[in-house]
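By letter and in written order, the chains are A, B and C; residue numbering begins at 1 in each of them.
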Amino acid sequence: MNVVVCVKQVPDTSDPDTEVHIDSSGRDVERSKFSFVINDADNYAVEEAILLKEKHGGEVTVVNIGPETANQVIRMALAKGGDKAIRLEDEKFEFSDAVCTARLLASAIKDIEYDIVMTGCIATDDGYTATGVALGQVLGLPHAAYVKSVEVVEEGKLKVGRELEGGIMEMLEIQTPCVLTIQTGINEPRYASFKGIRAASKKEIKLMDLAATGLSEDEAGEAGSKSVMVQYSVPEVGELAEMLEGDAAETSGKLAGILKEKGLV
Amino acid sequence: MSIEQGTFVQKYDLLGCIQCGRCTGGCPVTVRTELNVRKFVNDTIEDDRLEELSEKPEIWDCTTCNTCALRCPKGLDPFEVLLGLRSMRAEEGNIQPTARDALESMFNNGNPWGKPAARRVDWMEGIEGVEKVRILEPGEKADVLIHICCTAAYDPRIMPLAKNLVRVMEAAGVDYGFIGVEEKHCGSEARRLGEEGLFEYFDEENTELFGRFDVNRLVCLSPHCMNTFKNEYQNLNLPVMHYTELVAELIEDKKLELKNEIAAPVVFHDPCYLGKKNNIFDEPRYILSQMPGVEPLEFLRSRERSLCCEGGGGKMWVESESKEQRLAETRIMDAKDLGAKIVAVSCPFCLLTLEDALKVKGLEEEMRVADILELLGEAM
Amino acid sequence: MSDIFVLAEHRQDELREVTLEMLTMAGGLGSPVTAVLFGSGVNDFADKCASFADKVIYVDDPTYENFNSAAYQAALVELIKAEKPGLVLIGNTGQGADLAPSLAVELDLPYSSDIIAVTIENDKPVATRQYYGGKIDGRIEFKDADTYVLAIREAATPAGEGGKSGEIVKTDNPVTTEITVKRFLEYVEAAIGEVDITQSTALVAVGRGIREDKNMPIMEELAQAMGADLAASRAVVDAGWLPQDRQVGISGKTVKPKLYLAVGISGAFQHVTGIKGADLVVAINKDPDAPIFQYADYGIVDDLFKVVPALTDKLKGMKG
């Protein structure tokens, strides 16, 4: 069972105190004050890939698009049990949309022998929930999104559970090779020890630039994307809680109204 | 993992153990957990049992309070064996998610709290009577370099301790400075969660960081940081003190005046890493005695026999499976029985665990838990 | 712009609300709206869609009894080729996000996902979506195409009243080949009594403010009225009023619900660290200075024993 797992390095914005500021270009955020981590869902994908390898044998290849600093998340995945790694980097990849990103990933994956390609189901920075599913189509493979359980039924066939709204699981059979986008909570990701990460830094990370992908300049980055994020803006939200005033009958009425309006009850 | 023969025997001098049982006999957590440290010292002699022993959940119950080491007639550190077992788990990556997240945050953010490194200096905002905390430039001279600790830098409940430390420095005219946003985790909790490699990383990083400044001594807000810098760093050539040592010195030299009444019966809870581990018992008591109106009380179990609050040893991130009463709750009830109105501490972890226990016991109206730095802030 | 297609979403005998939300959204964009419904014997869904759309294309075929992205995609490809809509809206849901990106790739159409607002400028859609967990908005423009595909976030706009009477056009299944790469098996409901709060979409979290074990039923009632699970601060778990697996915070679970209602929780840092993934935080606490209000989106300063029963009544009233 050979698995390719795609990982993204993202700013750690999980803490509510993290401030996100738009930079002067209006198309990126100030990155100097962030610490960078593996995307949460990708972390679960790495663990699932390694669990499959431990159970069924085979190799795990880690694929990333990112700058040299992304080596840290790649090494973390290698420390946990990954075997090989590829990192794609080229300034011409900038502003790739989800579909274009899928094409870039596919260019690196197509020459690997694999049964399953895994990605996280969502990234915490741009939240597309699209790259993995698009990747399936680019590779010409079936896919399943929001996967919360994976079981090998027989050679060439998996039984997977997809998590839907309300915690309902949609169980389905899918042929391999296929692409699965992994939902958080599918497993409990292991810890990559500091020594393990240091040791993994001896493993080779194969580098690919635009030329190595075999794609043209028109197929990468903004040029290769049909959707373009042109301008960031700050949504209007207050710092402190909006206080609901009045007696219990009034405040509870207001709150019920808000929850209803937001579709939360 | 492969373990060389005699790993633990050599590392922890296990053959020196005479199995007298004084360690387990004094261990405070035995009343609420399965932990039997004597047995671990005995069993870890056999290398082929290490794997199995490292999987026992009770190795995570140890708070590293140092009682077993103090009681050992052969001068061993029995609890270190448990840390050795923890490090096997950490190296395999098989640790509790809460501990994993804390360790990953130490690596990524330089603090165990999952907080952005960039916000490490937020506590400096709005310090009464202090316009600007002095941030040292590389090469700059100062008598005292203060180390704030991750918990005081990020936990809003503990931030006042950091603010008060600066107020004390300013009021007493101490030539002090602070590293600023580059200050990072000391590595103490990394080591206690079994992450030796990460601890060594912080040792190197912080030694290099401190070396940039021309200072005479390092004064720590937390006894945990102090202990690590003082006793566990390999090449740090800088005298390390706890703030209570410096403050006692300042009061003695009449540089710090305490004039406001605290008027209450106050019992001091000895933090394990200050007392049992570093023999600092008198300075906090001296400071309290110099506060007008303080009626000092003593726990029956005080000084070397002080009862651990269970905040150390990585326990902030690893919950015990035990349903028995927490030691912090026992401690609060003891304080109540003594008639104390204030339980004074000098450690961020003690403050958090004891205050939690106070709330669980519903005693918020009757008593309070306060760090000596908070009481100093009131008395100044 | 030519017609707007909206893909109807249904599951387990229910037409999902996101369908009506998207039909409402599409109705405001100035082009005729066509609901596309794949299903088996779901005439009532077709009727419902018709009251929100100018036209309903209804493919009634056993293939579509349950969702299968491969089957949906094959059929949509044929319909889009034949009808050439200007815009296709699909829910960014468990179903839609499993379908929309691959559909766009197959047809080589501009695509963006998790859209919260759409406008039409120069005969093209312009979309708004969120980045960094909602901390930043982004404006998405598209390169010229005949058709654009957008996946729309649930509850991005409220569903309107309907009131249209669109024509229902029953259409033969445009796909004749059998789908073999993927096969639907069954739905599995979460086991009762084994709540995993890390996966809950709504949580009512109980703190020390509840005072005594015997007060817990009012919280249980509120949670039930909200369709939420109960969570707790450490003090409540310590007291044994809720099991350990309900504990939120540093030494407990990190949760990521859409709604986190903190009741009688002061908001110690060790607790709020565990709710960093929550979308909307509401706090009820009698202490106006409780730090929880720094993390909450909405707050009520009052005695929980007054607010909680009142809120439970209001929510029950809305459902009934």
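Going forward, a residue touches a chain if its C-beta (ideal position, glycine included) is under 8 Å from a C-beta of that chain, and two chains touch if they have at least 3 such contacts.
Predicted, not measured: the structure shown is a model, and the values here were computed from it.
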Legend entry - Chain pair with more C-beta contacts, A-C versus A-B: A-C
Inset, instruction - Point out which chain occupies the most central position, where each centre is the mean of Cα atoms. - result: A
Inset, instruction - For chain B and chain C, let me know how many angstrom lie between their CA-based centres, rounded off. - result: 45
Legend entry - Interchain centroid distance [CA atoms averaged], chain A/chain B, Å: 38
Inset, instruction - Starting from the mean Cα coordinates of chain A and chain C, work out the distance between those two points in Å. - result: 20
Legend entry - Multi-chain contact sites of chain B, meaning residues that touch two or more partners: 114
Inset, instruction - Pull out every residue in chain A that's touching 2 or more other chains. - result: 14-15
Legend entry - Junction residues of chain C, two or more chains touched: 273, 276
Inset, instruction - Quick one: which bits of chain B touch chain A in the complex? Just the residue numbers, please. - result: 90-95, 97, 99-100, 103-104, 107-109, 114-119, 122, 195-198, 200-201
Legend entry - In the complex, chain A residues that touch chain B: 12, 14-15, 17-19, 33-37, 80, 188-196, 198
Legend entry - Residues of chain C defined as touching chain B within the complex: 208, 234-235, 238-240, 244, 247, 250-252, 254, 268-270, 273, 276, 291
Legend entry - List of chain C residues in touch with chain A within their complex: 11-12, 16-17, 66-70, 92-95, 97-102, 104-106, 109-114, 129-143, 145, 151, 154-155, 158, 180-190, 196, 198-202, 225-227, 256, 258-259, 272-273, 276-277, 280-283, 293-303, 306-307, 310-311, 313-315, 318
Legend entry - Interface residues, chain A side, partner chain C - complex: 11, 13-16, 20, 22, 29, 97-99, 102, 121, 124-131, 133-134, 136-138, 142-146, 159, 161-175, 178, 184-185, 225-235, 237, 240-244, 247-249, 251-253, 255-256, 258-265
